Structure formats: C-alpha cells, structure tokens
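Here chain A shows up in two complexes: once beside chain B, once beside chain C.
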Partner chain A sequence: MSPTMRYVIFALWVIALASVPLWAGNYFVRMAILIAMFSGLTMSWNFIGGFTGYPSFATAAFFGLGCYAGALSQKAGVPMVLAWLVATVFVGAFAAALGAIVLRLRGHYFAIGSIALVEVTRLVISSWGSLTGGGDGLNVPLIQGSPTEVAVTFLGVMLAIMVVVFVVTVIVDRNRLGFGLRCIQQNEDAADMVGIDTTRYKVFAFTLSALFCGTIGAAYASWTGYIDPTDSFSILMSIKVPVMCILGGAGTVLGPVVGAATFMILEEVLWANFLDYNRAILGAVTVLLILFLPGGLLRINYRELMARYAARSKRSGAPA
Partner chain B sequence: MQYLQILVNGIVLGALYACLAVGFSLVWGVLNVINMLHGSFIILGGYLAFFAWHSFGIHPLLALPFVAAILYGIGYVTQLMVINRVVSQPVLTTLTLTFGLDLILYNFMTVYYTATPRRVTLNLGHIDIAGIFMPIDRLFGMLLALLMTGLLYVLLRGSRIGRAIVAVRMDGAAAALMGIRIDRVYAITFGIGALMAGAAGAIFSMVFPITTNLTGDFLGKAFVVCVIGGLGSVPGALVGGLALGIIESFAGQMFGPQHALTVGFVLMLALLVVKPTGLTGIKGYE
Partner chain C sequence: MSTPLLSLERVSKNFGGNRAVSDVTFSLKEGEIVGLIGPNGAGKTTLVNLITGVQRASGGTIRFGGLDVTDQRPFQAARRGLARTFQIVQPFPAMTVLENVAAGALFGGERTSRADATEVARGQLEFVGLAAFADRPASALTLAGRKRLELAKSLAMNPKLLMLDEVNAGLNASEIDGALALIRKVAERGVTILVIEHLMKVVMSLAQRLLVLHHGELIADGVPAEIVDDPRVIEAYLGGKFARRLKEMPQHG
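Up next, the complex of A and B:
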C-alpha cells in the first residue's frame, strides 16, 4: 500500500467518524468517540510495541495517570484544555523518567515489569485517598451543554488527538527514529553495534507511547465526569490495546487504526448479544487471532515479511 | 513477642505463596511462557475442592489428589493443543494467548460459580505456643503447601520425567538431540504447573475465602515470588515465597494491610532492575 493511499484511507475514515452525529443517534456517537479514543491508544502503543517490539503492557498505567492528572488539575481550577496539556506533560515526564529504568529489562521481564507498573500506579492512586478520593473515585467538573453537544465536542477532541497521533506515527515511520526502532525490534544487540543509541531511542519510543495516553486519559475523564482506580487502571485495557494493534498489524502505520475499529465494533456487537459471555468470546477472539492471524489484518508484518514473502504471496485473499 | 507473631504469620503465608508460585515459575522457566491462566487455575482448584466438600462432604485432603489430577489434565491438553503452536514466539504472543484463554476460563467460572467468596470451614480450633496464636487449619495449610512443593522437588530431581524437564530447561536444543520429545515435555510441564496451581487453590480454600475476583491478585503474587526468588526452580520459589510472605506480613503491620501488596510490587520492580535473575538465580538463565 502506497503512503498516499494510507493517508487517503485514514482521512476518509476520520471524516466518516466525524460525520456520525449527522446521521446517527447518541449511541453511535459514543461508539465513534470510543473508536477514536482506542485508535489513539493503539497507535501510541504501536511506538513501543509495534515499531520497537517491546511487549509493553503499561498502557493502562499511562491512561490512568492521565485521567487523574487531568481530573485533579481541573479540580484545582485549571481550565479544561490546559488540564489535558498538564496531564500530557506529566505522563510524558513520568514515562521518560521510568523508561530509563524499566527499559533495561528485556522480553519477559519487561512484560512483567510493565504489568507491575499498572498495579503499582493503581495501588498508589487508590490508597492515596486524601488526594485522589481513593476507591470512591473522583468527580470531574462537567462541561456545560446538552448530552448531544457534549458528545459532539468530545468526538471532535478524540478525533483531533487521533489525527495528531497518526501524524506523529507517520513522522516517526519515515524518520531516522522509526528506522532505528525497527532495527532494535529485529536485533537490539546488532542495532547497538551499528551505532544506534538504543537506550535513547527506546526511551523516546516509550515516552511517545505514554504521552498521548495521558492526553486521552485526561480527555476521557472530562468526558465521563467520573473516574475511579479500578476503571482507570484496568489490566484488561493494557492487554486489549496490544490485541487491537496485533489485529490490525503491529508496526505498521495504518494497522492500529484498522485493528482498533474492528475490535471495538466486534466487542460492541458481542456485548449487545452475549451479555454473560462477552469476556469469553473476547478471549476466544484473542486466541484465534494469535493462532491464525499473527500478522494482523493488513498482513504486513515486518518481522516475517522478508522470510515469508514468497510463501505468503501464493495465498490469495485474506484469511478469516 | 509481637514481632515473633508477625514473623510466624509471614512464614505461614510464605509457604502458601511458594506453593502458589512454584508451578508458574516452572512454566516460565522451562517453556519461557508467562502463564496468565495461573490465577484462574488456582481459583478453579479452590472451587473444585470447595464444591467437593460442600456438595458431597468430601474432605479437602481427600479431594486434593483428584483436583490436582483434573487440573493436570486441563493443563496438559491446553499446552498440547493450543499453546505449543506458538510456544517459541515472542512473549507478546504467548502472553496475549494465555490471557485470552484466561478470559474464557474466568468468564465460565464467574457465570457458573458466581464470584461469591467461599471457604471450606473445618473448625479445627487453634493452638497457643508461648503466646503465639495459630489457627490449626492455617498450620495444616502451610504443611500441605510445603509438602506439595517438596514433592515437586523430589519429582524434578529423582524421576526420569523430572530430569527430562530439567534438561529441557537447561538447553532445549540439546535435550531434543538426546531424544527428549520437547512438545511432550512442554505439555507435561504445563500440566504440572496447573496441578500445582490447583493444589494451591485447594489448600487456600481451607485457609481463606476464595472468589474469582482474586485471580489477578494471585497472579500478581506469582509474578513477585518468581522475580524475588528466581525462575524455574523449586528452591527459588520457596525462597521467593517465604521472602514475600514475611515482607508482606511486616509491611502490613507497619504501613497498614492495604499497602502490603504495593510494597511487594515496588520491591519486585526494584529487584527487577537491580538483579533480574532473582535471589537464587544463575546468570544466563534469565
């Protein structure tokens, strides 16, 4: 797929999502907001998980911290948009400081470390009751307007964030940074040998993966008006986001967007039809995905592309 | 005297943690798979023991071998049919796969058993030695946990299959060249991991109320124990388990029980960075 083609598809998709309020009710607008939100989160994860190949499950930690940083700033009287910026900067700084430590780990240890990060942040937030309201959660000042107006506003906000993350993804993809990250993904020691400053690159990717999770978290907090530790720091989200990315195609530019949209629509249909078993079906989808579609819907897997190109081109049509 | 009581509580807790984590540690060490199913296996074992006691009046001690056998079967089949297909792939793949399986198991357990906390109440009373208070069912649970962990150690050291597992853990390629069927050993190892989880769950059901909401907590404990103690060895799990039990016990006393878990996790993160091989680990085995 040529780059221009990708941009056109992405632009059309954003326009389609933005047009939802014109032809559908609030239920579908909410759906569109969630799709935009998870597209942003998935594209963020793609920096560290897709390009760099580090199995990070820290998304929920960054998202949750973003929620709380935004909500607390807003409660302290900071205007809403500024509060989102505060959250972004805070989460970015947090990730940069932490990345320097956590990124010394590789493989399984990094995965475990990133999961522990979610747990630690959740536990700290929920036990620091005097600041965060603890397990009771936190009410965030609501913006004025009818439910429809509020929904349309936040659809615009989430779409704007999604576009920004996409633009950053494209820049990284075409830049020296993206090249370096892919080298690290393929062989970190070799990348180090040929002169890539792996530590700096990894920290950069980790920070990028956190930055927009912070913005999205803060915007989410303003949208829903109420946050609590269990919801904000859910390990399920930390796994859902990578699954979305794999579903679309990890390490690609458009993959996260495709994956997030497909997954969210699938999940919503399952929720609506199998209320008791939606988690099990989600699990089954994940299992089938890993077993039968490891390259993702776009089937562009840089790891395997070289080796399997010949074998793959013989197959026709996308495997179900 | 108070500190002695806390220490004893910590050791009892630690023995349970060791039993809880040793299967997880073995699977991680041998298969290089982070088994997200482990927490649900523990609860499944606990529920099976509970319902055997509640519905049929079978003593948990009698039910334990059956629970263990059932979990072994589930683990063996899961590994052979599903996980073996991607076992050599990066951690992202295997972890996500086991998490997907966990979602399925968790969902069915919650629907069929509901999340009500349940406990086998044996009413064995308690003992008092030199001012140290100890309920007998806890003491019993600790001894059982140590026994199970010890049995696993004997199995790994003394039996043919145990030596095969250790060989695969040391060098899979060389083991395959010596005629060991790797995929079979993987399945057996995963089965043993599930078995130990089920046994730990059955023991837990005698000591604490268990509910499906605890799967994540148990999994988290297994992480911490593994990282503290080092991977894939029984002594490592024992050291890690006891260390975590004692630390949590004292941290709970000093900072309040709600912070005990946080201390464990923070300690783990610190240890990951300083010494990723764990306290008993050997370099090159990470």
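Up next, the complex of A and C:
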C-alpha cells in the first residue's frame, strides 16, 4: 500500500467517526469514542510491540496512571486540558525511568515483567488511600453540558489524540528511529553490532508507547467522571490492545487502526447477539486469527487472494 | 614507529573457573592482514567478542587507535570503526538485502540520511556481487550469499578494522575462492583485516602475519612460513604424539 493511500484511508476513517453524532444516537457516539480511544492505545503499543518487537502488557499501567495523574491534578485545581498534559508528561517520565530496567529483559521475561508493572501500579494506587481514595475510587469534576454535548466533546478529544498518535507513528516510521527499531525487532544483537544504541532506542520506544496512554487515560477519567483501581488498571485492556494490533498488523502504520476498529466492532456485535458466550467466541476468534493470520489483516495479499478465487471459480465453472 | 591500530595487553576472560582467553598480548598495524588461527575451542571467537565489546574482558587493556576501549559496548565499537562478521551469520531476515546493508551505513558509518545510506549500500552490494539481490529478503539468500551480505554490511560501516570470523565456514571450494578474492579486494582499499580461521590453509595464502591461539593462550606470532614449522603450533593442531613422530622423521616439509 502506498503511503498516500494509507493517509487517505486514515483521514476518511477519522471523518467517518467524527460524523457519527450527525446520523446516530448516543450509543453509537459512545462506540465511536471507544474506537478512537483504543486506536490511540493500539498505535501506542505498536511502538514497542510492533516496531521494536517487545511484547509489552504494560498498557493498563500507563492508562491507569494517566487516569489517576489527570484526575488528581484536576482535583487539585489544574484546568482539565492542562491536567491531561500533566498526565502525559508524568506517564512518559515513569516509562522512561522504568524502561531502562525492564527492557533488560527479553521475550517472555519482558512480557512477565510488564504484567508485573500493571499489578504493582494497581496495588500502589489502591493501597495509597489517603491520596487516591483507595478502593472507593475517585470522583473527577464533570464538564458542563448535556450528555450529548459531553459525548461530542470527548469524541473530538479522542479523535484529536488518535490523529496525533498517527502523525507520530508516520514520523517514526520514516525516521532513522523507526528503521533502528525494526532492526532491533529483527535481530537485536545484530542491531547492536551495526552501531545502534539499542538501550536508548528501546527506552525511546517504550516511552512513546506510554506517553499517549497517559493522555488517553486522563481524558477517559474526565469523560467518565469516576475512576477506581480495578477499572483503570484492567489486565484485560493490556491483553486486548496487543491483540488488536496483531490483528491489524503489528509494525505497520495503519494496522493498529484497522485492528482496533475490527476488534471493537466484532466485540460489540458478539456482545449484542450472544450475551452468554460472547467472551468465549471472541477468545476463539482471536486464537484463530493469530494462528492463521500472524501477519495481521494488512499483510494479506488481497490481489493474490482475488486471483486465486477467480481461478477457482473459473475451474469449477468449466465442464468436468 | 607509529602507534598500532589495535593493541591488546594481557587480555583475559574467565567464564567461571574456565579461562577462555588468558593473558593475550598482540597488536595490529594499520593496513595489515593478519590471520588468527587455532583449533576449535581455542578462544578465537571469544577474543573477537572482547575486542568488539560483546563480552567484557576479565583483565587487561584493549586499545583502538590509542583509545582505551576495554569497556566499550558493541554499538560504540561499530561507530569507532571496528566492524566484524559473525561465524553464524546475523542478518535482519525479513528486511531486504539492500535494507540490511543500509542499516550498516546509517548507524555504523558517519551520520547520514536514509537516502545517502541506501546509496552507500547499493555501492557495497555492487562490490560484493549481490546487486542483483538488492530487493530480495535477506532470508532468501544462500549461505554463501548471506556471508557476502555480512561483509557488505560491515563494509558499509566504513570500518578501520574488519574482523572476519570464519567467513569460509560452510562454503564449498569455489565459494571459498570467491570469498578470498573478495577479502583481497577489501584489503586493497586499505582496511586492516583480522581473519579468524581454524583452517590453516585458507589464511596461509592471505595473511602477512599469523597469530596462533591454543587453550586461550597466544602460542605464536609471526610470518606464516615460520609458524607452520613451529613445534608448538604443530602440537596444538596435530597433538603431541603426532608432533613427536613428525620430529623424529629425518626430513619433513
């Protein structure tokens, strides 16, 4: 796919999501907000999990810390948008400081370390009751307006973040940083031997993967008006986000967006139609997709698939 | 005499109680082609790992261009002009051959743009004879092709010292001839080369000087003609019994 084509598809998709309030009710607007939100989270994960090839499950830690950093700043009287920036910087600094330690681990060990990160941050937040309200959660000042106005505002916010993360992805992809990260993903020892400062590059990727999770978490907290540790640091989010990315195509520019949208829509359809079995079906679909489509939806050679299909239908049409 | 390009002073490496490299001292002059030989397990690759910072020396000093580089990391070695190829080739398998070489030019050489790095990479692929495969994935190359790719990638880093770790291992006779011709061509550019081999025959024709490593110790350092007659070298390669029998024979060689 040519870069221009990628940008056009992305732009059309953003416009489509932005137009939802014009033709659908609040249920669909909420859906659009969640798609934009998960697109941002998935593109963030793509920096470390896709480009660099480090299977991180730390998304929920960054998201949760973003929720709390934003909410606590807002409670302390910081204006909302500024509070989001505070959360972004805080979570970015947190990832940069920890990255140098956890990125010494590779493969499965790194994956386990990153899961521990989610659990430890969750426990600290829920135990530090005097600051965070502990298990009772935290009320965040609500913004003024009717439910529809609030929904439209946050759709705009989440879409804006999504666009920013996409732009950063494109820049990284074209830059020497992206090239270096791909080398690390392919063969870290060889990357080191050709002169890539692998530690610095990995910390950079890890920080990028955290930064916007912080913004999204803080915006989410302002949107819902109430956060608690279990909801903010959900391990399910840490698993969903990588699945979305792999589904679309890890390490590609558009893959995370495609994967997040496909997954969210699939999840919603299954939820609506199979209330009892939706998780089981989603799990089975995920396993099948990863087994048979490890490169993701974007790596399928659609032209070849069409040609094969055409050939087969021609053959079956011919007399036996 | 000018300062040597690379000098090792009593360099050692222990793995637990096992002394893999023991008090090795030698130096390389600029523009030299030197062979580092020794039987399997002599510590040749460990020595190269110490020089390039893949492993850290337990003792001793390594100087490169007068600078103490004993504690350097591999990426620093690469940027300082110490390039190596691996005995077991290390490509970026899913990237194209051209991208593999461009990585060397982009990160290991002088700071350049991606376009310039690609230009350098094309030149190096031409040089090693892989230009026709530029857009193929590195994993599609044969072993001989991947060894050439390693060489092109190292050359793209514009090295001062090139260490070739068993570039001929696993190649057939005609491929070895091709590889040797290529190494001579690289040497003509003025690059100092350290050829690591366990086959003596291969380095004899190539190197101006030979270093022999045995059980982690440097047992000989001299011109190839002397080295082959050195009883300690013969013993290391053929075993003590055979060496004595060879000595008792009235005339050999």
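Here, the second predicted complex is superposed on the first by the 299 of 320 C-alpha atoms of A that agree within 3 Å, B and C clash if a C-alpha of one lies under 4 Å from a C-alpha of the other, contacts with A are read in each partner's own complex, and residues count from 1 in each chain.
We take it that a contact is a pair of C-beta atoms (placed from the backbone, for glycine too) under 8 Å apart; a residue touches a chain by one contact, two chains touch by 3 or more.
What you are looking at is a predicted structure, and each value in this text was computed from that prediction instead of being measured.
S.K.: Superpose on chain A as described above, then tell me if chain B and chain C fit or clash.
M.R.: They fit side by side.
S.K.: Applying the document's definition of touch, where does A:Ile196 land relative to chain B and chain C: first, second, both, or neither?
M.R.: Second partner only.
S.K.: Should A:Gly49 be classified as contacting the first partner (chain B), the second (chain C), both, or neither?
M.R.: first
S.K.: Looking at the overlay, what does A:Asn187 touch: chain B (first), chain C (second), both, or neither?
M.R.: After superposing on A, A:Asn187 lies in contact with chain C but is clear of chain B.
S.K.: As a test of reading the superposition: which chain, chain B or chain C, is in touch with more residues of chain A?
M.R.: B
S.K.: If we overlay the two complexes on their shared chain A, which of chain B and chain C does A:Arg176 touch? Say first, second, both or neither.
M.R.: Touch status of A:Arg176: second partner only.
S.K.: Of all C-alpha distances between chain B and chain C after superposition, which is the least, in Å?
M.R.: 11
S.K.: I'd like to check the shared interface: which positions of chain A are touched by both chain B and chain C across the two complexes?
M.R.: After superposing on chain A, no chain A residue contacts both chain B and chain C.
S.K.: Mind pulling up the chain A residues that touch chain B in the complex?
M.R.: Those in contact with chain B are residues 49, 53, 55, 57, 101-102, 104-105, 107-109, 111-113, 115-117, 119-120, 123-124, 127, 235, 239, 242-243, 246, 276-280, 282-287, 289-291, 294.
S.K.: In the complex, go through chain C and note every residue touching chain A.
M.R.: Result: residues 52, 54, 73-75, 78-79, 84, 86, 90-95, 99, 102-104, 106-109, 114, 153, 157 of chain C touch chain A.
S.K.: Name, in rising order, each residue of chain B that touches chain A in their complex.
M.R.: For chain B paired with chain A, touching residues are 28, 32, 34, 82, 85-86, 89-93, 95-97, 99-104, 106-108, 111, 216, 220, 223, 226-227, 258-259, 261-262, 265-266, 268-269, 272-273, 276, 286.
S.K.: Which residues of chain A touch chain C once you look at their complex with the stated criterion?
M.R.: 176, 179-180, 182-183, 186-187, 189-198
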